[in-house]
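After this come two complexes, each holding subunit A, first together with subunit B and then together with subunit C.
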Partner chain A sequence: MTNRARVSLLLAPSLIILCVLFFGGFLLGIMQSLNYMPMIGLDSPNFEAYKMMFTDEQFFQSLLLTLWISIVTTVLVIVLSIVSALALRNTFVGKRLVNFLYQFPITVPYVVITIGTLFLFSQSGSVARIAYNMGIISDQSMFPELVNDKFGLGIIFVYVWKQVPFIGVIVLSILQSMGNNFEELARSLGANKWQSFRHVLLPIIIPGILPASIITFAYTFGSYEVPFLLGRPYPAVLSILAYRLYDNVDLNARPEAMAMAVFMTAFLVVLVFLYKKLLNKASGRD
Partner chain B sequence: MTNISLRNLTKVYEGTKEPAVENFNLEIEPGELVAFLGPSGCGKTTTLKMIAGLHSVTGGDVLFNGERVNDIKPENREVVMVYQNYLLFPYMNIAENVGFGLKMRHVPKDEIARRVDEILKLVKLEGYGPRKPNQMSGGQKQRVALARALIIRPKILLLDEPLSNLDAHLRDEMRELILTIHKEFDVTTVFVTHDQEEAVLLADRIALIFEGKLQQFSRSEDFYERPASKRIADFFGNANYIAGEKKDNKVATALGTFAVREDLKVPDGRVTLIIRPESIELGKNGENSFETKIARRIYMGTYIRYRIDMDGAFWDVVGDPHYNVDYDEDKTAGFTLPKNKIWLLEGDK
Partner chain C sequence: MENVKQNNSRNALLFIIGLGIIIGVIVPIVPQLVWAVSHRWAFPDLLPEAMSGRAWKYIANPNSKVLSATLNSLVIAICVTVISILVGVPAGKALGMYKFKAKGAIELIILSPSIIPPLAVTMGMQVIFIRMGLSDTIFGVILVHLIPTIPYMTVSMAGVFANYDPAYEEQARSLGAGTVKTFFLITLPTIFPGIVTGAMFAFLISWGQYILTIIIGGGRVITLPLLLFSFASSGDFTLTSALSIIFLLPSIIILVITSKYLSGQSSGMGGFGNI
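This part shows the complex of A and B:
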């Protein structure tokens, strides 16, 4: 057996599952988004569902909210992971404990931290109650809206809490593998601390961070359970809006749901392509 | 030109008890080329980094031209370090790498471009500006690293094992370049090496460091002819030793009494007599001559090496490179210890 044949054979099980479940499902989704559902009598494909989607104000509000949450989360995660990794690079007393606590969120399931956030930070939650009992607020309704709020603060908090250690660990390993020499060199060449971070550390870290931040963005953009529990019913993020249409008793709403799902996938594919271009540029391969 | 003074310089790293550098005292003259020589982990790079301000000082002082610089930030010291592994910024091209220090000083772009071209010419890399570091060879990278350091006209140039990543041919080339640059820029230069040959070939003076302590700071000849300890003598090639009792200008040993120079400042008493294998003359030539058995005769290609029996211990002797004199194994032969080549250390341990 040739090497190529052996590799193909070894990859076959996972490729079959991927092709059937992902591409098969995706193809079915595209067909439904094009109003092609013969079992309910829709047998002439057209772009009606896409037209409806792009003229639906609710869709744009959901898109805006989804983008807001995804962008703010990604930016915060990148900034905080770099800052925390820079701090963790130093030697200090209790570093092992801090390291453990830092990486702890990676092991906590999303649903646990989401419900925890709800219990802690809602207006009827523990923090609001403590603030009320301590006399900081005169009524629990005066506690700021941190969950189920219009800016998706609770959602962003959960994503950031979960994702910072994930990217932080990547940044930390990059920093540890490069050592201090580049920074020291920059300082001896006349760069101050900020300049050495801006012109030396950041360009070295970025190629490592970009792929991880794509994952953060893509996950945040398409995630369902966190905004379902911590978001407002209106406007809802795209994944919830699409699911609502999918779950509608009227099967005629399904093509629009599928159009949204296809749009989200296409959006992420384009994004990944642009990120890859950027990554190549950052690593000097262009 | 800048003078460097290190006064009781000490460095203890966090979490360690043993100092990496301990009570280091040194005066480097303006424009001098000095080597910090020693085995790995002896504290030579730590000392270099304390001079650069990249590592804080635990105790003692670093002075430039008599002025204490302990609290001056590295970017304000005008001391540049060149690293063993070049450390060219991989995402910048060669011109950007070389111009980095000027950019940090907010020098106008056209001025940077002009000076980059000038310095690349000096290091024989004219026209290489647009290339990326991964398109350069090891030797070229090292020249870029040197150019990047020199473009800002530093007061002090620090080189951390500058030749250790280069092959033999490139080492010679780079050695020449360092000497040329040192002469042309007239900059006080300190380089770190674990290779004594490299130190001898390049440096005006050598600071030999063991376990964070300065052992000897002198011209390279002194390490061969006047080592401060047996360990130093061994670090700089082979040496033969014999214990004895010094009285007046003679040393009585188990093999006889040897006359030594009058100017050796070693008090009378127990001493160790040191002589290099290449300093022992073949044949009995008057004073300090003796006869002994040739225990082994080893053909080394360009010369013969003898192991001679010195009352139970064995000494190495480098034979005549022209083979005019050649002794056979197990035969007795005559040797002479030239008076001016004998060095004494106090004590016989």
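This part shows the complex of A and C:
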């Protein structure tokens, strides 16, 4: 068997399933967003759904909230994962336990930590109870809104909790594979701790975690479960708004739901494209 | 003197971060453990007024949907995992061990479900699933769960195969082993830890799905996450917590099994964001 035939055979099952389901579903979504799907009685293609979406104030508020949550989450995850990985590189008492617990969130389902966050940070949650018993607040309404809040704080907490170890494990493996040589060299040339971190470690870590960070950003941008339990009904994140339109008893709302799905997809595709370009540019300069 | 001071502040910092990790990870899980056995736990009590096994009795009751939902979740996740292994291992081998034309494009196709929200494409395909009689069926739900798991399995196996040395296979063959014997004696034992890790995470991705199951299962295929969401929205914290603990069990088992593979050396972490 030639290499070419072997590779095609190895890849075929995966590619066929993904192309039929994933790209098939995507194409059908585009068609429905254009009001064209004769099978279900949509037969006059138009751009109405997109017009409706782009004149809908709710859509822009949702977009803004979604972007806010995804960007804040990603920045916090990158910072915390680097800090924690740098700490875990050292040896200390109880490191095995800390290491084990550090990886724990990777396997915990989003639903479980979402419910945990609700019990911990709601106005009748554990933290509010402790604050009351310590005399910090005298009524549960005095406790700040940390879940189902305007800024999506509870949502951000869940994503950060889940994603820090995911990126952190990658940072750890980068640190392990590079050893101490670069840093020691920088230090011996007179760089202080901060300088050797900023100019030696960081330029190696950041490109290494960028692909995974893009994936977690995209996940945060498009996921439904966490904001469903910890968000407000209005404004809701894009995925919730899209599903609400999709689930509407009025089938006329479907095209707009699909338009929103197409918009989310296009947005993320453009983002990945820009990232690739940025990466190529950066590696071309070196 | 200077060094001692530096060491002390370094140790203090390590202590704070280490303690932060321990508290930050454990504390958000604790209230559920207490809620699951509590009878009444009103604000501002720090501990429940009375304990109760109500939730667990409900769960053990065969009329309660919980057992059948658990069974559904298990059947779906196991089927999804098996199919993901069957198609993901060969695809990972192709991507990890061979150079070929259009490799970049194929990697892009396989990775795209981890960038583009599966919610967005599943909404589009539901009409076809209804036509084909796949809507509201376990088989239909298994099919959509494959969208996030196949890319994950493929990418993590590509990482395993990239570190795989085909010279051992050649040696086995030159010593007279056939294709089947070579596979079972040489290839499989080498890639087995990678398959196990990948499979367990594929299982967890399917196990945790909510929105894809709702869209294609139409509320007829009841899995554990569906029950959990409906209890959480109804405000029955005791029952929600008990279910949540059951839901967490596979994660703990899997973490214990895979934690040694996770410690930084494993490649192909590309799909963990999807769990």
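Simple rule for what comes next: the second predicted complex is superposed on the first by the 276 of 286 C-alpha atoms of A that agree within 3 Å, B and C clash if a C-alpha of one lies under 4 Å from a C-alpha of the other, contacts with A are read in each partner's own complex, and residues count from 1 in each chain.
Simple rule for what comes next: a contact is a pair of C-beta atoms (placed from the backbone, for glycine too) under 8 Å apart; a residue touches a chain by one contact, two chains touch by 3 or more.
Keep in mind that this is a model prediction, so the values were computed, not measured.
S.K.: Superposed on subunit A, are subunit B and subunit C clashing or fitting side by side?
M.R.: Overlaying the two complexes on subunit A (C-alpha atoms) leaves subunit C and subunit B fitting together cleanly.
S.K.: Is the number of subunit A residues in contact higher for subunit B or for subunit C?
M.R.: Residues of subunit A touched, subunit B against subunit C: more for C.
S.K.: Now for A:Leu189: first (subunit B), second (subunit C), both, or neither, which partner does it touch?
M.R.: After superposing on A, A:Leu189 lies in contact with subunit B but is clear of subunit C.
S.K.: How wide is the angle at subunit A between subunit B and subunit C, using CA centres, rounded to the nearest 10°?
M.R.: Apex at subunit A; the opening toward subunit B and subunit C is 80 degrees.
S.K.: Just checking: does A:Gln58 make contact with subunit B only, subunit C only, both, or neither of them? Give me first, second, both or neither.
M.R.: neither
S.K.: So, does A:Thr117 touch the first partner subunit B, the second partner subunit C, both, or neither?
M.R.: In the superposition, A:Thr117 contacts subunit C only.
S.K.: Quick one: is A:Pro203 in contact with subunit B, with subunit C, with both, or with neither? Answer first, second, both or neither.
M.R.: First partner only, subunit B.
S.K.: Just to be sure I read the superposition right, which of the two partners does A:Ile106 touch: subunit B = first, subunit C = second, or both, or neither?
M.R.: A:Ile106 contacts subunit C only, not subunit B.
S.K.: Between subunit B and subunit C, what is the tightest CA to CA spacing in Å in the combined model?
M.R.: Value for subunit B versus subunit C, nearest C-alpha atoms: 6 Å.
S.K.: Across the two complexes, what residues of subunit A are contacted by subunit B and by subunit C?
M.R.: none
S.K.: Using the touch definition from the top, list the residues of subunit A that touch subunit C in their complex.
M.R.: Where subunit A meets subunit C, its residues are 3-4, 6-7, 9-11, 13-15, 17-19, 21-32, 37, 39-40, 83-84, 87, 90, 92, 94-95, 97-113, 115-120, 124-126, 128-130, 132-133, 140, 161-163, 166, 169-170, 172-173, 176, 211-212, 214-216, 218-219, 221-225, 228-229, 239, 242-243, 246, 257-258, 261-262, 264-265, 268-269, 272.
S.K.: Would you mind writing out the residues of subunit B in touch with subunit A in their complex?
M.R.: My answer: residues 14-15, 49, 52-54, 73-75, 77, 79-81, 83, 85, 87, 89-91, 100-101, 103-105, 132, 148-149, 152, 158.
S.K.: Under the definition above, what is the set of subunit C residues touching subunit A in their complex?
M.R.: Spelled out, the residues of subunit C in touch with subunit A are 11, 13-15, 17-18, 21-22, 24-32, 35, 43-46, 86-88, 90-91, 93-95, 98, 100, 106, 109-110, 112-125, 127-128, 131, 143-144, 146-147, 150-151, 154, 201, 204, 207-208, 210-211, 215, 225, 228-229, 232-233, 237, 240-241, 244, 247-248, 251-252, 254-255, 258-259, 262-266, 269-275.
S.K.: With touch defined as at the start, can you tell me which subunit A residues reach subunit B in the complex?
M.R.: Residues 91, 181-182, 184-192, 195, 199-200, 203-204, 282-284 of subunit A touch subunit B in their complex.
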